[in-house]
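We call the chains A, B and C, going by the order they appear; numbering starts again at 1 in every chain.
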Amino acid sequence: MSRRLRELSKPGPIACVNKRALGLNQAIGRDDERPYAVRIPVRRMEGARIGIVTVSDRASEGIYEDLSGPEIHRILEDILITKWTHIKRIIPDEREVIESTLISLCDTEGCDLIVTTGGTGPSPRDVTPEATESVCDRMMPGYGELMRAVSLRHVPTAVLSRQTAGLRGTCLIVNLPGSPKAINEILPHLFESIPACIDLMGGPFIDTDPEHVVAFRPNHR
Amino acid sequence: MSRRLRELSKPGPIACVNKRALGLNQAIGRDDERPYAVRIPVRRMEGARIGIVTVSDRASEGIYEDLSGPEIHRILEDILITKWTHIKRIIPDEREVIESTLISLCDTEGCDLIVTTGGTGPSPRDVTPEATESVCDRMMPGYGELMRAVSLRHVPTAVLSRQTAGLRGTCLIVNLPGSPKAINEILPHLFESIPACIDLMGGPFIDTDPEHVVAFRPNHR
Amino acid sequence: MSRRLRELSKPGPIACVNKRALGLNQAIGRDDERPYAVRIPVRRMEGARIGIVTVSDRASEGIYEDLSGPEIHRILEDILITKWTHIKRIIPDEREVIESTLISLCDTEGCDLIVTTGGTGPSPRDVTPEATESVCDRMMPGYGELMRAVSLRHVPTAVLSRQTAGLRGTCLIVNLPGSPKAINEILPHLFESIPACIDLMGGPFIDTDPEHVVAFRPNHR
């Protein structure tokens, strides 16, 4: 359970219960001690914490330069107009290392979003989706479907992408493909929905530059 | 194992073995004692039993009125032209309660179809897909993919819908989204294929008003 | 673990380490003893080994003729212009039999690709996807999504297809639907990406007749 979810789930008074002022807060509890409004203002001030994880044997050994992680960083710099901080990792295609890295970024570093790149194909060493699924408590099948559908417009081998996405506590983990070109095709598209997803989990408000992508927020009652 | 599947699987004579008269009957056994034709006429007379389950903390507590369950009921009244009965439940977003409700509707109430609404998003309390998967013995991934694809035509945040569908014995369980608007966009569409699915499991014949949706039945040999 | 993956994974010298000559070889290890280039030329000479598995109670009992297996064979004869050999099986809709057949074709027969037909619907005896998932160590969700999307252009009941695909070691297993018509709609389409998938796992080079389908090979660095 992530730091934030643990905090939100425990009984007793919480930082803020003014639903009206908070906007899109969501129900997370049913006990009287756990009110429905749970977004904690101090987190909004800090901005979103985003983990960027490059999974690659060769990049982690320095055999070649990691191009994908910096590309994700550059795109996020373009897209996001609200405050955010990033935490980067470059790790080998080892399932245990991927899992422990994701767990640490969620539970210790308090990331709201983690984007991985690499390790999603059918090569024998590609195990990023398996590691992701094993650390998530709930899966988000729509992201894998969407990414493959978008990439299929460009190359028929997009069907080989095994990308998935899921939730660990209140952190969204999304696998991106390994190639910078494919990352460019997909990542801006995902930010139509990621800000609303973070909202729904009580995370920090994220907004995007509409010149790059419009963050859609449905009207919930 | 559901009541009907248990009945159909046991060795010995069964109610009806006239394949020609029954139309779309399916193979369910290989032993000589278990013939391939298994639809039981008496069930056809009773009509389909359909469970409608609203999963919502607030609706179940009476904090607000359940609009989604009645909307599903209204749409089914419009669509179905064969006899059917419904069983309604309004329950909180508690995984154990969702699971026991689905099990009871399948195994005790003998539902042929259960439609849930709510609890399919990324909010921390949303666990309907997990509960559904845990009570199903076989999954139907096509329905989740189809629903997200249909909803994506309307809003980009449809990618956040974690809806799934599966089979418990011979009962089809389908998760719908929580909003009445999204239910209207999706539910009629699903009835192009649900009657054929119920046929294939030896369930009661269901037909639809072609003004609303045409139930497609492929020619099987 | 399949015969080939076991062979490639063991420490010590291997048959061939000339990456440049081999083209699309993939990283499979990180130890100094296990070089990244692992495709073994002798396997390329033999050509691809393809398993064709018909899953059908009635066909396996001789109640009716297997039309789907021969249809797959005929289409592959049309499509493939590189050497290949096939291994055929006709088995009942018994989960244990399907699993042991797939395991034997992967681990003992050394298949690079297995194509199944039948047992993917919602009928109580349809368990091919469950058997496939249980013998695979990594899933390929894109193929199920793609096949349903293609079939949905033809019939709305394609949503009922529970087809999946996955990898056992370095063997790709793909479920096709049971009807020869649906097989014709789908199988050629899959060979846009299957040769690249086999490449990525270090398997034999497969090429297709461009009059039927163009095998796409992305440029990897």
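Structural remarks
In this section, a residue touches a chain if its C-beta (ideal position, glycine included) is under 8 Å from a C-beta of that chain, and two chains touch if they have at least 3 such contacts.
None of these values were measured; they are calculated from a predicted model.
Interface residue usage between chain A and chain C, two copies of one sequence, is largely distinct: under half of the residue numbers at the contact are used by both copies. Between the two copies, chain A and chain B, the Cα superposition rotates by 120°, quoted to the nearest 5. Taking each chain's centre as the average of its CA atoms, chain A and chain C sit 32 Å apart.
For chain C, the set of residues that touch two or more other chains comprises 145. The residues of chain A lying in touch with chain B in their complex are 5, 8-9, 26-30, 138-143, 145-146, 167, 169-170, 172, 192-193, 196-197, 200-202, 216-218, 221.
Contact residues on chain A toward chain C in their complex (touch as defined above): 57-58, 61, 64, 92-94, 121-127, 129-130, 144-145, 148-149, 152, 155-162, 164.
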